[in-house]
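Right after this note come the structures.
One chain, chain A, appears in both complexes that follow, with chain B as partner in the first and chain C in the second.
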Partner chain A sequence: MLKFIIVRFLSSIPTLLLLIIVSFVLMHLAPGGPFTSEKELPPEVLANINAKYGLDKSWPEQLWNYITSIIFHFDFGPSFKYKDISVNDIIAQGFPITMTYGLWSFFVATTVGIALGITAAVKHNTWIDYFAVGVSIGAQVLPNFIMAPILIIIFTLWLDLLPGGGWNNGAWQNIILPVIALSTSFMASIARLTRGSMLEVLNSNFIRTAKAKGLPARTIIFRHAIKPALLPIMSYLGPAFVGMISGSVVIDIYFSTGGMGQFFVEAALSRDYSLLMGVTILFGVLTIIFSAVVDILYAWLDPKIKL
Partner chain B sequence: MSNIKNDKILEVKNLSVSFFTEAGEIKAVRNISFDIKRNETLAIVGESGSGKSVTSMAIMQLLPDKITVYGEKSSVLFEGQEMLHAKESFLSTQRGNRVAMIFQEPMTSLNPYLTIGLQIIEVLVLHKNMSKSNAKKRTIELLELVGIKDAAQRIKTYPHEFSGGQLQRIMIAMALANEPDLLIADEPTTALDVTIQAEVLDLLKSLQEKMHMSILFITHDLGVAKHFCDNVCVMKEGEIVESGKIDDVFTAPKHAYTKQLLDSIPRGMKTDLSSANDDNLVLGEDIWVRYPIKTNMFGRVTKTFDAVKGVSIQIKPGQTIGIVGESGSGKSTLGRALVQLIDAEGTIEFDGNNINGMSVDNLRPLRADMQIVFQDPYGSLSPRLTVGEIVSESLYVHRPEMNKKQRLKRVEEVLREVEIDPHLAINRYPHEFSGGQRQRIAIARAIILEPKFILLDEPTSALDRSVQVTVIELLRKIQKKYSISYLFISHDLAVVKAMSDFVLVMKDGVIVEQGTATEIFENPQTEYCRTLIDAAFELTEIAS
Partner chain C sequence: MTLLKTTFTKGATIALLAGATALSSVSAQAATPMAGETLAADQTYTYRMLDGIPSLDPQIVEDVTGSEIIRDLFEGLTNQDAKGNLIPGVAMSWEASEGNTVYTFNLRKDSKWSNGETVTAGDFVYAWRRAVDPATGSPYSWYMDIMSIVNGADIIAGDKEPSELGVVALDDFTLQVTLTKALPYFADMTAHATTFPTHQATIEKHGSEWTKPENMVGNGAYTLTEWKLKETTTRVRNPLYWDDANTILDKVVTLVISDENVAFTRYKAGEMDRTAVPTGQYPDLAISMPDETFKFPRLCTYYYVFNVSDSAPEAFKDVRVRKALSYAMDRDVIVEKVTKGGQIPAYTYTPGATAGFKVPSVPYGEWSQAERDAKAVELLAEAGYGSDNPLTFELLYNTSEGHKKIAIAVAAMWKQKLGVEATLANEEWKTFLETRNTQSFSIARSGWCGDYNEASTFLDLFDSKHGNNDGLYSNPAYDKEVRAASSSANANAHYTTAEQILADEMPLIPVYHYTGVVMLKPSLKGYPIENVMLKTYSKDMYKIEVK
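What follows is the complex of A and B.
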């Protein structure tokens, strides 16, 4: 088990390095730079600035300096755009916000999705099933960038129940709308997957055996059916989490929540190399950690996989 | 059969079962009646689709409620109490307690995510109100009773850690945990190897005597029924066509269908068509097939599983070599290595060419002369192609000079050869045909290029006995006409005996015995071979 975990994490190091190199190269390949603007700077000023940020060095040298400062000093460098603020500062400010509503969204999407899916499967071909399927198909065609304005119109402009933006130190009123907007389409996917998987399990031979043993329906569902039905869902949770993190870009823009997504977009538009790299790496690391956690959980739950 | 109490434990009266599906009403069981006395074993025999499994599921009330409709006068009395339309609360006191059931596929009938211990313990706790620790003790006793060694350790393990035969023993332990009055066994040995089959049946028999229970035994295998049961009902298309004492029915069958079933056990032996002077068509020397099971961090293989270990084989033109062995003995792997569907080490020659390791392009012209028919006619024909397309496909590759008309003519010829009406078949899809017809189509596909060699990998194992016989006759006829060589792989010794000139017996990747069919079957040398033959023919001896 421990060996599996160690190998899993060690093997993600090359992935991460590749991610850094590819995003670094892609960014530098694009024309323009952080200090290109409509009003041209005098060449000597530009040269000074470039020297200050180390942009006058060759690419490999820049890349090497960047990677070593991350590894040895855990320093993602200064922001090119925001004067006197380091990337570390920006991440420290935005990351907790993203994680707060990201994790809430993940929690809501999985619990509601799984509950809906299981209920639909157990009540197969009844109005409950049709209702659940209808809801999830409806929810699936509402991605976060559609959900967000709709929610703001209904709950802020019409009903005046919840604030339409801002973070307010994470007050619950401010969290609700971003979480609903971000989680709805994932909740729908999880519900549909769970329903399909549960139906398959309920039609399997070992459930027939369980019925032949005289077990009550509750025991059959909770002891015999849920675990095998949820295992396939596990492999969807990794990509779903990543989807939610990248969906935070949209949420930050619509709700002005001040999370990482906002910086991501701004950094990309203004060529803030170090900030963009920092955010990319952070999202990359999150993705890798989360898929590793899912893999390990999966292996732990499935008796056929021995670690 | 003892005569302590002769009252009826199960009475089935005028049972009719229909399913209402999108395709309309399907009458699965039509007005059947039978009963079972205490300690009696009743066999229901019939081919697939005869309604025998539906009958057993109806007794247990395990059929899907929404689409199942029972006939108006239908009644199933278990110990005098009506099971049809009974309340779920009543059924759950009977199922797994007074009436228990074991199924055909032990590998999928146990929950793969729960330990086998828990799966037995839960029936004891549920029906006997036992404490967990007492139930655990009883579970260990039960597992020992059915012959699972180290039961105390193994209750903590999961189903995938057991073989099929062991899983069926565990299923039996679970079904008998509460000493039921009636056990319904639905094809309990069909998925198992012959030697294991005999063991499981012996176990059931001894437990029946110990626990004084009745058994409803559902099977398509007349040999098993004869060996195991007191009385028999023969089912066909949802009706019971004949019933009575098993010896009476099998020695003097009255109904034509029963006679047909009894006649359909393959018999006889093949006459050798090859002469000793012929060159080998297929020659394999010291063939090894290794599968990697463990690799180190850099992907290098550190441990292999050797499926075939240094086997040599020769096949002459017009000859049939039979390979027998239990599942996992490496017989299919050897066959596939010989036609280069999987990588192997060693020398493999086909028609004088060394084909082992030959490139795909160089091998292609030779492929026309080596064809394959697989076990599963459901899975090996593409469901999206018509029969005409499936059969003619290889003509496009190997006979590019043929035009559309010539191709059609050739397809019609081979379909007639395998006794399928080409006008009905050419534009239809595989799912519109029965298993036996599909296997004929697969044979037509294989012979359209008039190959020299056909690998027959369990070609009859998925078919009912009566269909098996016709397929075997067809294969013999084709062999005579084109003098094709066959490599015939099967676990069914009766079929191998009927087909082969020369037989190889495989176990754990090596040939343990070989000889002419007569030598092997009349005078087996190894213990393993004797067990295989005993197990197979003990069950089918009624045919002679």
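What follows is the complex of A and C.
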């Protein structure tokens, strides 16, 4: 197991380097630059700014400086758009926010989703099953960019119960709406996956044996059926987890949470090279870590896999 | 004009600005409640911002929202009142001599930094040198260049030292600026954030982190207490501000809300005092919420620019084609049916709201649309285009729903009236800028907002030497007019001629002049709706109880 983790860690280093180089090149290939704007800057002013941010150097030199400053100083450089703020600051400010609502969404999506899926499978072809399937299909087809403004209209404008946005240092009132909006579609997918795989497990031979032995239904489900039923869901949960904690453009835009989700698209559009690189690396690292975590969990759940 | 003397004494200022209000007030401009108004207990003003602020450094800031906050945190030599007139800030009075080439500002002695130190002329010298210093890398250093301060351009280009800038502190409270040419509106330019004083010791101590709330030292009516990039900023009243006694709002909060409809919902839920009118909803809201919906002219023009450079399509080198396309565009339909934000149809380039500028009459602006259409058909036929030889080209705009709607309407008008085949093309913003900048287009959407309230901020754009002359229009007669205007006593005459040249040569199609539309809660008073530069100062606003 330890060997697996070490190998996994070492093999991620070239992946990460490749990610940095490819993003860097693609980014510089895009037309325009961080300082092109409607009001074109006089050439000498532009030259001063480029010199300040090191953009007057050659690509390989810029790339080298960038990578070395990350490795030796853990410094992602200054943001080109948000000129008073460093990329480190932006991540330090935004990532904990994203993480908080992401973890809550993950918690809600998995508990509700799995519970809903299992109930539907156990009560197969009853009204409970139809209801659960109906809810999850409904939740899946309702995109969060539609749900978010509707939630604000209902809970803020009509009921006056919750603030319509902002983070407010993570007060619970501010977390509820983003979590509902973010977790719903994940919850729906998890519920449907769980239901499908649970049904399959419940119809398998070993469960029939357990039933024949006269084990109580509770023991059958929680002791024997759940573990194998969750296996296919695990492979969905890994990326879903990264998807949730790396935030969502929609959540950040509609709820003004100030998280990281919005920076990816925005940095690309404004050619904020350093911010875009910082965000890419952050999400790259997260993806690598959590796909490794999923692999480990898989081994733990499925005795057929040996690491 | 040999000597322009603009001296404000306290008494004169009050008489000038406050009219009949009580003489006990000693401020230049401050929040002044009217009789019968009861001040609200909670003096917190909250408004929506579209995006996080890129910078709160006066010498670096470029955007309108950032400048709005900076005007509260710092105070420059001059301010503007609610109507956009120039009023004293840190400078109590100023005078121009040597034919408007030397300006002397007399500073007030009671202006304090938020750490208690006195604001001196030296602080301005430091800030102005910092703005042009290449090491600062300010994207707005060009503003100091157009202020025509001696050696400014050379310092930016790296040919001279920042210390050689033509600005000196004659003593702690007298600042003298020497210009390379006469600039009658120089004092007006000092109400802009780039020229605001900054605190040398603070900047040297904290470097690029000096604008963080815990580090910042300012001299404005408010101090920054919170800055969360994509969420909120908070500024609270500064008790050391020289006119704090006449300030009413205690706290100003901004909320970043990217989506205008969500912002409007939250505005209706009472979370804010000010937000933008969602696109296209102005006509309805003006009827359903008339007390809260406001429209005001802005110093911005929306237009289509023709590529008339060597790489241009042959057709656009013919003035008859350019005129035909301009004439056939029904601006009334665009502003009334498409944009629906109360915009003003444009036949000339500079907005009529620009100070001291009178919109010249150009013949085609006076015609009826039917007359314009008839003339357009005639001109295009003369130029040799018709059903057997249809004119085809690409109309380029940057990706946005709003620009797309306008482009569709315009292309349909051209197709219907002239049989012209305009293909629509859109590009993502930065790609679009690159395309437009390198003349790789036929006709492109453009917009321009004035940097200062004077017609040259618009008309200079079509000077053959201007960096934003994207179509590479070049006409010596035009250049002569706009260059002569800057030092002329009767600039308007030159501007009129320049506008007439544009209408005659049509290197651009003016579409409309922007209007701002804003929702304001009835409890908020003093918002300067009539200030076309949108120079707001929270110290001049206040909130009242609304029954």
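In this text, the second predicted complex is superposed on the first by the 299 of 307 C-alpha atoms of A that agree within 3 Å, B and C clash if a C-alpha of one lies under 4 Å from a C-alpha of the other, contacts with A are read in each partner's own complex, and residues count from 1 in each chain.
Methods note: contacts are C-beta pairs under 8 Å (C-beta built on N, C-alpha and C of every residue); 3 or more make two chains touch, one makes a residue touch a chain.
Only a predicted model underlies this, so the values are computations on that prediction, with no experimental measurement involved.
Novice: After the alignment on chain A, I want to confirm one thing: do chain B and chain C clash, or do they fit together?
Specialist: Aligned on chain A, chain B and chain C fit with no clash.
Novice: Now for A:A51: first (chain B), second (chain C), both, or neither, which partner does it touch?
Specialist: Once the two structures are laid over each other on A, A:A51 reaches chain C alone.
Novice: For A:T156, is the partner it touches chain B (first), chain C (second), both, or none of the two (neither)?
Specialist: A:T156: touches chain C, not chain B.
Novice: After lining up the shared chain so the two structures overlap, which partner does A:H73 touch, if you call chain B first and chain C second: first, second, both or neither?
Specialist: It touches nothing on chain B or chain C.
Novice: In the overlay, answer first, second, both or neither for which of chain B and chain C A:K213 touches.
Specialist: Touch status of A:K213: first partner only.
Novice: Of the two partners chain B and chain C, which one touches more residues belonging to chain A?
Specialist: C
Novice: According to the stated criteria, A:K83 is in contact with first (chain B), second (chain C), both, or neither; which is it?
Specialist: Only chain C; A:K83 stays clear of chain B.
Novice: With both structures superposed on the shared chain, find the angle between the C-alpha centres of chain B and chain C as seen from the C-alpha centre of chain A, to the nearest 10 degrees.
Specialist: Angle at the centre of chain A: 150 degrees.
Novice: How many Å separate the nearest C-alpha atoms of chain B and chain C in the overlaid structures?
Specialist: 43
Novice: Find the residues of chain A that appear in the contact set with chain B and again in the contact set with chain C.
Specialist: In the superposed arrangement, which is not itself an observed complex, chain A uses no residue for both chain B and chain C.
Novice: Please give the residue numbers of chain A that touch chain B in the complex, ascending.
Specialist: 7, 125, 204-206, 208-217, 219, 223-224, 227-228, 231, 301-304
Novice: Considering the complex alone, what residue numbers of chain A touch chain C?
Specialist: 30-33, 35-45, 48-49, 51-53, 78, 81-86, 90, 93-94, 148-149, 152-153, 156-157, 160, 163-167, 252-254, 256-259, 262, 269-271
Novice: Can you list the chain B residues touching chain A in their complex?
Specialist: 60, 62, 66, 88, 91-97, 100-101, 103, 105, 108-114, 122-123, 126-127, 158, 160, 171, 174, 297
Novice: Can you tell me which positions in chain C touch chain A when the two form their complex?
Specialist: 52-57, 60, 62, 134-139, 141-142, 145, 156-158, 208-209, 211-212, 228-232, 255-259, 261-262, 265-266, 268-269, 271, 428-431, 433-435, 437, 447-448, 451, 467-468
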